[in-house]
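As written, the chains take the letters A, B, C and D, and residue 1 is the first residue of each chain.
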Amino acid sequence: MIRVAILGASGYTARELLNLLTRHPEVEITTLTTRQDSRLHVADVHPALRGRLDLVLENLPLEEVAKRADCVFGCLPHGASAAAVSELLAAGCRVVDFSADYRLNDPKVYTQWYGVEHPDPARMPETVYGLPELYRDSIRGADLVANPGCYPTATVLALAPLLKQGVISPQGLVIDAKSGVSGAGRSPKPSLHFPEANENFSAYNIGGHRHTPEIDQVLSSWAEVETQVVFSPHLVPMDRGMLITAYGETTKEITTEGLIEVLKQFYADEPFVRVVDHLPGTKDVVQTNFCDITARRVGSKAVVVSTIDNLLKGASGAAVQNFNLMYDLPESLALL
Amino acid sequence: MIRVAILGASGYTARELLNLLTRHPEVEITTLTTRQDSRLHVADVHPALRGRLDLVLENLPLEEVAKRADCVFGCLPHGASAAAVSELLAAGCRVVDFSADYRLNDPKVYTQWYGVEHPDPARMPETVYGLPELYRDSIRGADLVANPGCYPTATVLALAPLLKQGVISPQGLVIDAKSGVSGAGRSPKPSLHFPEANENFSAYNIGGHRHTPEIDQVLSSWAEVETQVVFSPHLVPMDRGMLITAYGETTKEITTEGLIEVLKQFYADEPFVRVVDHLPGTKDVVQTNFCDITARRVGSKAVVVSTIDNLLKGASGAAVQNFNLMYDLPESLALL
Amino acid sequence: MIRVAILGASGYTARELLNLLTRHPEVEITTLTTRQDSRLHVADVHPALRGRLDLVLENLPLEEVAKRADCVFGCLPHGASAAAVSELLAAGCRVVDFSADYRLNDPKVYTQWYGVEHPDPARMPETVYGLPELYRDSIRGADLVANPGCYPTATVLALAPLLKQGVISPQGLVIDAKSGVSGAGRSPKPSLHFPEANENFSAYNIGGHRHTPEIDQVLSSWAEVETQVVFSPHLVPMDRGMLITAYGETTKEITTEGLIEVLKQFYADEPFVRVVDHLPGTKDVVQTNFCDITARRVGSKAVVVSTIDNLLKGASGAAVQNFNLMYDLPESLALL
Amino acid sequence: MIRVAILGASGYTARELLNLLTRHPEVEITTLTTRQDSRLHVADVHPALRGRLDLVLENLPLEEVAKRADCVFGCLPHGASAAAVSELLAAGCRVVDFSADYRLNDPKVYTQWYGVEHPDPARMPETVYGLPELYRDSIRGADLVANPGCYPTATVLALAPLLKQGVISPQGLVIDAKSGVSGAGRSPKPSLHFPEANENFSAYNIGGHRHTPEIDQVLSSWAEVETQVVFSPHLVPMDRGMLITAYGETTKEITTEGLIEVLKQFYADEPFVRVVDHLPGTKDVVQTNFCDITARRVGSKAVVVSTIDNLLKGASGAAVQNFNLMYDLPESLALL
């Protein structure tokens, strides 16, 4: 059994991770941490887990965590996460990091978008980006995996094959993204108060969302092109689920069927990407680790639609998929 | 034109009140107050009112409010409200008070349920309870009206006629009440964070809700019986609307049709109570000042269903109805 | 491996059943039927199952079903179900029946509430009612189990221990029940059209719901008392989840703590009933097979709140729990 | 008083129209028609109107409608509408037509997108398009006004000023549009069944929506450019409200502030367009006749966000605004 700890276990991604890991046959969850001083039973933090897991969230020093766990899932905010990760790695733990800290390769880009110096810049360029569909071989056996952002996952899976094949131009890409409210986290805010967010569809952070450089970095480096996407996120009045609609200029004559065919070939052997002919909805993938993708040719543009559960394929499901790869377990274990 | 002020103008009841009053032909809204020091334009507090009302929320002394307004709508919390009301009345204003401060007659009951001494106990027993269907004559010309709570409005309208006619027993009444989330106010709380409250139906405060003594007082005094209701509120994942299902033991042979007939006769001339044969839903009344009521005989019990918009007939619509009566205006003005 | 078929596999309970059974280590799903002539792939009927199950829904004769399956889950409407069940049992299959056909013991009561003659009345009184918390021993090894209705499950689990202990009176019980919309099935109807049902809370079928006699039969026979509940269902604008608030007259001095203690003792060893101190919400149990229960003493009444996922503990989760018992497998298999 | 009829009065746009017109001081609603033979009271079709309007929906010949009404609001489907409109005009009525029949100028384009021959092609090019912000002068005094589609209204208001000023290119425009479910009408469909549409965000009809040629025609003819927009509609799990995010290539150096300034100047005197600095949400405009617009410069693109209530500014509110202009009444009458 692999002993597992979760740092920062009170949020939604931790809850989903616990839900998956309690069903994982090779995992023993030993440790849950919180940065608050009160000791809370996990059932009082995540009522749905009552009777399934008997653990207390504790404010523990990292050396204690390292003693209790072989693998640590980090659900801490950016900045705080990198500090913890380097210490845990030094103590011999392997880590799946949910924060943005090791997703970007370039410390300068990090500082530009996150407003702080990175505490561990040397490790940035060498850390593997945990998107198995692009980087499976590097994830296998890695000690540290940077778990991707939800928007980048949905976006990169939609666009990477088409860019690589050169059927769409890397210039002028538009990503119109829509997310359920759980993507904004568990801390109450006026704009996320139920009577404000319910029955309300709104745009936020257009052109300024921190997932923008992550999308550009992964698309550009993997497909060996130079992108600068226009990224516009929106908030949908629903709990979970994310759908992005991406627009790229086609570079050659290609039909809707041709676009779909490129995607189908690329993802033919992938366990969690389903290329479909119909236009999908978030409900097709919510509560699963799947990403459903389709495409349409409209005028001179390719329109690509991609949908995931932001908390699963966009966070905790991807983390377990990465964990399975890191430990050479069947990739779908606890995920189907 | 009657000059009107609203105290505490940043919440949902104030927003609804503004929405009604901007359409009221006899009203000039002159003053909006807040207890915060920042001056905010009403359009920044209530975006739907942008372009319809050009006023700033200000932290004003009451004497200044009294100079600017003939009638004041008080949307302050309990305790704070009574202190303001007595001063405004002394300064010659008339007041519709949304708080609980003048709804109860008995200072001891107030202290028991609200946990504080009442700052103005002498005025409690003499203040008229602003439910026009029961107390219309006293509301006309009153200087101070205690605007009823939302649950009491829906409950009292359902049960008062049946108790008065003696067709149900005052003993053992059960009120199972369900409210949209706006009833909980505009302050963010963990349990009202969208991903917590959405897709969630929950009970709260069973047996301990502060509207319980208000229901008992109004039913008991008006119908000249002694009730002690069991009151169980629940939260419904929707913005607005309230429905109560009340259960009373019948005291005589009476059919469903007989129960409905008692209600129809009692409300025959009421502009805002619609006794219907079908089982209503909240959507029949939301965004209106109507209360829809029906009844069923099941076994030995009368089951009475009553639904209102908690923010209109349950708050701001009732307040305008009371205002119209106080100023001898047509009762439905600005409400249809 | 136990070969399993599902009759009527296009609805929501079948979808949830498939979701559970694809994770069940002792089950091979071999057959899905539909009463429509078109052959549809399960992924086109239930998009979330795409890539997880490769089967087609077929309009098959029962003898063919019996050849392919050891155990059949029947998701057919009442009437149609009984006809199929008797044929399948005769052919040697074991059956978990989701319909109401074998829940009631008395053919006359069945005809009174369902409006038709029962096609297989002899089997009615001998069929075991599939509520493991009350009838576990009879379910073990049974060839036919009548899977309970969702409302009866939530209600009976709330009230049975208190009635058996005699702390509440069997007379005058009131069940105020609230269900998410999936409980109404998958067929579109005007009242369930999204813009009608959304943001709407409504009562329906008060005093006339077909789960009423089922509740009375199970409570009365198991607790050896005579009940005639007043049952009032309501529709909540959410997908899934059910909460009932039950009101019974206490027969002796008993506190809130005393009521909860009776429940805790009764369910101490149950894997899927969690007696809690707080007032629960549906989100605590949705997507799980748990039932959360608590109680309050208010005036002379016991108020019992019970919540389940109507599609899991209220349907498909219970069916798998029954299946596990029938085949002597660990009761929680595929359910945690 | 202007006598008014509504053809096809059972849908959502008719309901909203009735809600506005019952408050309109210059209107007497005399006639409601249906194409079904049953006579239904308006309160049974639209429960919220009970007690506010005492009329029956009738299947009436058009000559009878023409006798009873000075102005007719047509809420019939395309094709059926044009046939009725020409007869009503001939009989001396004035008409506001909600259907698509007179929005397009070119019968060939109509046939291409609607699949039928237009029954009244001669009137197509001369009919005024009822978007007051662009065509106010032509609407004044018109006998027939084609009420715009909801998506075209939100889109054209966002883009027209920027195209006219030449700050964005007419080539390569992308409209990513999101609508609440009421936009799909009142007829139940499997995909709009509450448990399917709720908590689901989906794309539909990308590249094939019938509002596409309407958008191109109005933008092209009014701004004297040639557009061919890529139009992608999506369904949001909420009742009402629509938000479009439009992407256009800037043609010159212009900042976010510059884009907003162009919009503010253009709409400076408009009663129902509010150009704002923040990113708006649908809840800012729902239940109002306002359109809120803002813009951002991102990379080389202008991103324009525009939001309306699809049933008001996108349908019935616009119709009343047009009606007020046709009859030379204050443009905002019954709309604030």
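Assume contacts are C-beta pairs under 8 Å (C-beta built on N, C-alpha and C of every residue); 3 or more make two chains touch, one makes a residue touch a chain.
All of these numbers come straight from a predicted model, not from anything done at the bench.
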item	value
Centroid-based (C-alpha) most distant chain relative to chain A	B
More contacts between chains, B-D or B-C	B-C
Chain A-chain B separation of Cα centroids, rounded to whole Å	46
Rounded Å distance between chain B and chain D, as computed from the means of their C-alpha atoms	36
Geometric centre distance via CA averages, chain C-chain B, whole Å	39
Contacts with two or more other chains, residues of chain C listed in rising order	180, 198-199, 237-240, 280, 283, 286
Contact footprint of chain D on chain C as seen in their complex	12, 180-182, 186-190, 192-195, 197-199, 237-240
Residues of chain C touching chain B in the complex	172, 174, 176, 178, 180, 196, 198-207, 228, 230-232, 234-241, 243, 245, 247, 249, 279-283, 286, 296-301, 303, 305
Chain B partner contacts - residues on chain D that touch it in the complex	22-23, 47-48, 50-52, 199, 271, 274, 276, 280, 283-288, 290, 292, 336
